[in-house]
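The letters A, B and C name the chains in turn, as written, and every chain counts its residues from 1.
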């Protein structure tokens, strides 16, 4: 019951999003623009077959559909459900394609219910795609789940895969047997861990007594223990404090560098993305919206920068006046600053500033680059505007 | 990659078991309360059995001590399912919450990995009770104590236990298809209480059901005949080891089929 | 009393039970099989005894008693100890304590929906089948009204005991052990597994002084007696009422005191 409800909730959320953007011209523009970088990558991978060989993950036109029960409302509805049921097909992943190289850290982003977990489940061999092809290490993961499992590591931010009652070191020893790690490799790995994090106090602590941060850290170490080719991290920093987040990012970065492990990272925290990923893939409602470098993403929306100024007098009043002067740009204000989102393709910031300076008494100013977070937010919400 | 050997799995199981026992011992209060609970269950079972037979000295040609033997036999053959496969009870919870997915990423047999997580030490109390009951009734009935008899007992006890494991596996695996599979699991467990009665007391229809569809007659009745009525052993008794294995393999296939169907919609 | 907010919980519980279509089918079918098994078992037990009346109970008396005891169990059992225990261990109990309703009452009314559903899906069909099969051995008269009153009190006593035992989970992690002990004691001493009439003498007297017999033995005794002497009836219902009040008061007090202790110590 719980699972069904959860699923239908997430999808109805999507429907709300859909309703909001019925006239989603903006989104169409977005698709046209973004699909360009996606396509470039694909065409290149098809034409040069020798390049294809080096991809550790290849996903081609993958679609996954689920049958979801439509539940009726209220007591009467439940009684009717008892006798006749009404299913609908939901496309959780819709024609997604991407290639990932050994050693890459890829940020896999999208709002809740976008299809991220479904894609990951297909890459790990838990789910079979409805159509399309996935190759991990050159083989279809769902055809031989255990073989695939030997080459991957998986971490879920909130679900520990370690033995709850056992001290960490005992979990490691069992994993050593399960993955048939030889003694040399095991001790090398432990040495590496010791050099990266203060692991000693954790080793003899049962997982159930650990804090969430310690547990996540332990789970990540466990996932890398058998030196897998790919590690999937599903929201590894969720619910952690700032310093623990930083620690975990450093650890992931170091392990990726040291072992050349491919990392697929799903997260809602743009701090993770900024700290770790060069490449990001964005998916929404099952469809791929973006697949390219993070640097490209920022430039992609035009060269936006935020100009913040402080003037004499009432800020909100002045902001209203500025808005009339600059109809092309979004102007907002808070207690301290008036913020103007400037599209530098239309007008240079310096010119905007000069223009403002002639009519207003500017006391102070700041210039901010647009953050990844803002860009992603824009992509998610584009239709709403 | 080559298939992993039985030794590989045994070594892993032993390691998990030893560590698990160590950590269980450290929660002493829980351990003691659970043990008392298990002893209570066995005493209560025995008391209701005794109350019943105070009023009825024999059932369907079976004497008090023979029925007691069946009772002991069923207790012992139900021990492995209690000790080794107790995690089946949590399966539906893992499936609904979506947490089951965490078992899907290891390069070892999923069924083994899932069941190895829990060893229920409480079942050992039941084992002791059952063995005591068998020994007592063995003496009272005046059965011989030869190596062959003991060998027969061991073989038939082990294969009988496979039947209950199979039933529980299949019932637990139903949660991959239906919601609230608890009722099914509960039903199977309730029926195991009837394993201790001779199947001959039931009508032909139920005799058939309990032999071939929900084969609880193989938990105690058919295998016990080999010991208790050596002169009139039906073919089914001799076949019971084979049937035990067959049902176990079947239930394992069902379980794995369910697990491969699992899509972790909870997350 | 603001009945409406409680009835909302009843309604929600009914909707929830209806979500499990297959669950309902399994319960109904499972019960039918179970009843048949009980029938054959006791038929052959009585056949072996050679007499029609054992311990003052005929075959149909015993059958009705045991079958309806099981039906009552299915209908009253709410696994509240598990629910409370798990909530306490996961810490989710805090959310329920924040609700603008006494937790003890909140939980009871949440269960009331499944009471209603279970009454129609398990108890009523069972009752009708038993009445038909035993060809009018169930007296149909004013005793039905007394029976309903008696069952309501039985539910309250059962819930109070459950809640009391559930509260113990605030102090120990051993939900399983606590729950199994409670279940075993209640089922045996309430006469749910073997009718109390079968108990040997000193045990019978002791059991009659305990609250448990008010859960199963009392309502079933009332049901089976078509023309009860007013004195006996008054005695049974009076005892039930007494235990109703005592167990309710004790479980409330225990919950209050424990909760205070926990909040002071910070759990």
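The rule is short, and it goes like this: a contact is a pair of C-beta atoms (placed from the backbone, for glycine too) under 8 Å apart; a residue touches a chain by one contact, two chains touch by 3 or more.
Note that the coordinates shown come from a computational prediction; the quantities given were computed from them, not determined experimentally.
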{"item": "Centroid comparison with subunit C (C-alpha atoms), farthest chain", "value": "A"}
{"item": "Centre-most chain, if every chain is reduced to its averaged C-alpha atoms", "value": "B"}
{"item": "Centroid spacing, where centroids are CA-atom means, of subunit A and subunit B in whole angstrom", "value": "46"}
{"item": "Distance from subunit C to subunit B - Cα centre to Cα centre, in angstrom", "value": "28"}
{"item": "Euclidean distance of C-alpha centroids - subunit A vs subunit C, Å", "value": "51"}
{"item": "Set of subunit C residues in contact with two or more other chains", "value": "19-20"}
{"item": "Per-residue overlap in subunit B, given as positions that touch at least 2 other chains", "value": "179-180"}
{"item": "Numbers and ranges of subunit A residues touching at least 2 other chains", "value": "1"}
{"item": "Residues of subunit B defined as touching subunit A within the complex", "value": "1, 8, 11-12, 15-16, 19-20, 23-24, 95-99, 101-102, 104-110, 113, 117, 179-180, 262-267"}
{"item": "Subunit C residues within the subunit B interface of the complex", "value": "19-20, 22-23, 26-27, 30, 33-34, 36-37, 40-41, 43-45, 47-49, 54-55, 172-174, 176-181, 184-185, 187-188, 193-194, 198-200"}
{"item": "Subunit A residues within the subunit B interface of the complex", "value": "1-4, 6-7, 66, 117, 121, 124-127, 145-147, 149-150, 152-154, 156, 159-161, 163, 165-166, 170, 173-174, 177-180, 206"}
{"item": "Of subunit B, residues touching subunit C in the complex", "value": "27, 29-30, 33-38, 40-41, 44, 47-48, 51-52, 54-56, 58-61, 122, 178-184, 187, 190-191, 194, 197, 201-203, 206, 209"}
